[in-house]
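The following blocks contain the structures, represented as structure tokens.
Look for subunit A in each of the two complexes below; its partner is subunit B in the first and subunit C in the second.
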Partner chain A sequence: MLLDPLFGPFLEFAFMRRALVGCLALSLAAPPLGVFLVLRRLSLIGDALGHAILPGVALGATLGGLSLAAMSVGGIAAGLVIVLLAGLAARGTGLREDASLAGFYLVALALGVAIVSAGGTGVDLMDLLFGAVLGVDDGALLFMASVATLTLVALAVMWRPLVAETFDPGFLRHAGGGGAAWHLLFLALVVLNLVAAFHALGTLMAVGLMMLPATGARFWSGTVGGQVAAAVVTAMAASVAGLLVSFHADVPSGPAIVLAAGVLWAGGLLAGPQGSLLRRWISRPHLAA
Partner chain B sequence: MSRAAAAITLANVTVAYDRHPAVHHVSGRFGPGSLTAIVGPNGAGKTSLVRAITGAARVEEGRIDRGGISTSDIAYLPQQAALDRSFPITCRDVVMMGHWRRVGLFRRIGGGLRNAVREALEAVGLGGFGDRPIASLSAGQFQRLLFARMLLEDCPVVVLDEPFTAIDAKTMADLLGVVSRWHSEGRTVIAVLHDHELVRAHFPETLLLAREAIAWGRTEAVLTPANALRARRMAEAWAEHPGACARAA
Partner chain C sequence: MFARRSLLAAPMLALPFGARDAHALDPRPSVASFSILADFLREIGGPLLAIESIVGPEADAHAFQPAPSDAQKLARARFVVLNGLGFEGWMPRLIRASGFRGREIVASRGVATITSKGHSHGHGHSHGHDEADPHIWQDPRRAITMVRNIADGLAAADREAAEAYRMGAQRYIAELQALDTWVEQQFASIPRARRRVVTSHDAFAYFGARYGIDFLSPQGISTRSEPSAQQIARLVQQLRRERIGAIFIEAGASPRVLEQVAAESGARIGGKLFSDALSVPDGPAPTYLAMIRHNTRMIVEALAG
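Here is the complex of A and B:
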């Protein structure tokens, strides 16, 4: 059968179906957040927060055994603490927020590695960093689906102020629409999604599924809504392609998914309809008016 | 207009930047429905003062009475708003933000509010620009767009910080028309400006600021050569190690 290589793995193996459902759930929620991170010029914040959750995960594993709940609660708590501390330091001292976050996440990352190495938790650092998408169990799947649902509902509720605050934070704050609150709520969603994604993709690769489709989105659409749609579709395609490559070529699934997202990103950059290299190279006659 | 015009009264206002006074013991009143220009040399504290009036900067000493309105009832256009002009948003959606106080998070933006957006775009000379992405606008057109958003804000007090910098003559004339419209509607308008000819032609009242209020009143009485000289001297005087100010509050 010609289509067997495409559908066979998912039809035949339950672990592949689980991995697919988990990744599609992540693909619905994380890329829209990535689009806003890019528009807010915080592209690298995802990376920083991905590292920031590590000590929490490690501590959760040390105290609560290798349970999903303990590691998730630890990761979310660590991520939120770092976001709040970095925000407070930035507002209190005038240090730029990205610089402030960079400082905090480096400390957090070192702390996380130290805890994992010293604690004898039985946690494999490689698993923490790169994930084990093919070992996603029911609990993890439920967690990912819940986070995706919560994120989409939250984005629908805060869409208006989030777009306005991203474009012109001064205006919204002055008009009484709130400022810091939306920013913190948004970063909390980012933390939540990174923790959900880390079970499947690891702390390093989780950021890839959030940011790569988002950075590519601007080559596909000139509106925020269009970019969010493009990012979601890209992430879903990358998930399916990455899992298939991982299955057939026997490469780890996390990196395979992120590499697939990278290929799609490069495709948009080269030939997307909005401001891609191809658009700039092909000279078309200018219009009459 | 929905709300009565408000007076803004400054009582011995000091605004500090890292303890140095940017605005020093200024008292006076922007009357209800007045149209006032704030002029003065660079570093005279003009931006600090309007930021304090709009609530964006902290008042170190003294107080500002806004005649019963809150700071969010003041429409405020900051100096060369540091906005990302490549942001993927249409002109219509930028102007729509002016409805924020009316629609907030959830309220529907119906036909009436949409018409208001179209009319505001037409009023600033951007009729038919609704669907255009802001990335396609020139600097002057972008400033027109921000004025359209302020039209929708419908605030009793309007504060503009150097609204005509880097703007061509035609755009400036059109936007001055919008300012006159606000004035004729009884709103209190305050604008930070540099061009004294422009101020003489279009602004009945002027505050000449050089950290302290050098003169405040009818424009022709304020913009005199003697006052200008005093303002320049005040602005140039800057002590290296000043002690704490002992002037009584």
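Here is the complex of A and C:
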């Protein structure tokens, strides 16, 4: 009886179970990528890429209707094109990669909105921007689970070079390890996860489940592995809490999940065991990690 | 306001055409805020009017973003027809910004309204709370009043063609009355208690009030809000409890959430209902008459089956 508010919604309603499974799948794969983005000082790239997939999704939806496959293929293609273009522009001109990405993603966002408005039939901009966690169907669920699996396998394979490239970009270059290739592969994974998250949370909120747990993770652990674990646990907790809040307090589900992640992030920032405000205040004399 | 408008219209009346044969004049550029009003204008004015609609077929007037070309349409126009009741909230600003100097006709004037509320579920919405529901055209009887308003507005501003507008309106009103009777007959065989339907958008309150149908909805009055898990859960419970047989996905709103609700409750997904916009010309609802007939057939089929 006491546990009913916690388990009841998921036991009684299949749409709650689907939303939960979808969000848990996203929570498994996206936050580790977010941790690496934070460590590589590319936190805002998630945001940029989240918007960059919009024109592809819009084009896919305009050409192929509201089909999962069309929108996914379009979104992944657009995201990869933007990543490659931004990388090329940065290498070719000396413009910092984040700056050139900022330029490309703004153009992409505007292009996406223009395509949706011009297409007219059937595609709802609000739906693309905010998604529908409660409308996750079998296809979307399967897609999210596949992306999560692929991401985890890929991360396991590229863990060492990725860590090396993150903390010492010069090392791999000198050792002939192909640093740029790992970087591109990593960004491709980010795009893939954003497209998967888009189906549940829309392009605006998809980044929330990737970045918020990741930025909070450094307050919980000092090691990369620890931060990845902390980010995954935070994201899962935020998914469950957000869906329950949405159920009990009548708040839209997507924002509820991202807000829950925000609350956990703020909690870590204030009182986490590693370098949080509380920690620093207690042990002012010596520098925290 | 009114006096100034008639003064503005006066030079137009004195145009040196002799005002003999209205049909000999060029069609008057006219603008309707959305496709259904454009259809009313077409029925009333026919060849006398060159009609443009700002929100076109199958487009959502709630989330509409005016473009410069829309202001241009207005700047050229002699008449503009809008629904009012806050349905096209962007319209008054657009009219002011465009430098429009013709006659503004508010079709909803004098129409009895229903206060919009989230009547499918007990809680209130933060938006559209105590405001009149603007979707008045869904009731053919109210549509008749709208047609009268439009025809009166046209006739007052364009005296030389007044008689043509009145005749056009009269003929069309007869058709609307026949439509109203036809819809009533369609529902006659279905018991009142079974007339319970779910759509993705609260746009059918007037249709429901006229023909005794309860429209329940998982979303609020606007197409903009994302539903919460609680709203969806309540709807599923309601569908199960009240054994509602059909859910309708309305043109323009997200169908994905409703598909989940249908799978969950065992209810059938009915066809597409048209509420705020007509279909494209080769679609099922290219005119207002066709739209009401199409919606009626869809609902009757679902409730009877």
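Annotations for the structure displayed:
Operating definition for what follows: the second predicted complex is superposed on the first by the 281 of 289 C-alpha atoms of A that agree within 3 Å, B and C clash if a C-alpha of one lies under 4 Å from a C-alpha of the other, contacts with A are read in each partner's own complex, and residues count from 1 in each chain.
As a convention for this text, a residue touches a chain if its C-beta (ideal position, glycine included) is under 8 Å from a C-beta of that chain, and two chains touch if they have at least 3 such contacts.
Here the structure is a predicted model, which means the values were calculated and not measured.
By the touch criterion defined above, A:227 lies against subunit B but remains apart from subunit C after alignment on the C-alpha atoms of chain A. Once the two complexes are laid over each other on the shared chain, residue contacts for A:153 go to neither subunit B nor subunit C.
In the superposition on chain A, A:249 makes contact with subunit C only, while subunit B stays out of contact range. Of the two partner chains, subunit B is the only one touched by A:167; subunit C is not.
When the two complexes are overlaid on their common chain A, residue A:136 makes contact with subunit C while staying clear of subunit B.
In the superposition on chain A, A:218 contacts subunit B only, with no contact to subunit C. Shared-chain residue A:271: touches no atom of subunit B or subunit C. In the superposition on chain A, contact of A:19 is made with subunit C only, not with subunit B.
Of the two partners, subunit B and subunit C, it is C that touches more residues of subunit A.
In the superposition on chain A, no subunit A position is in contact with subunit B in one complex as well as with subunit C in the other. Taken in their complex, subunit C has these residues touching subunit A: 56, 58-60, 63, 65, 123, 223-233, 236, 252-261, 263-264, 280. Listing the residues of subunit B that touch subunit A in their complex gives 54-56, 70-72, 74, 76, 78, 81, 83-84, 87-90, 93-94, 97, 100-101, 103-105, 133, 135, 149, 153. Per the touch definition, subunit A reaches subunit C in the complex via residues 9, 12-16, 18-19, 66, 117, 120-122, 124-127, 130, 132, 134-137, 243, 246-256. Contacts from subunit A toward subunit B in the complex involve residues 39, 41, 157-158, 160-161, 163-164, 166-168, 170-172, 174-177, 218, 221-224, 226-227.
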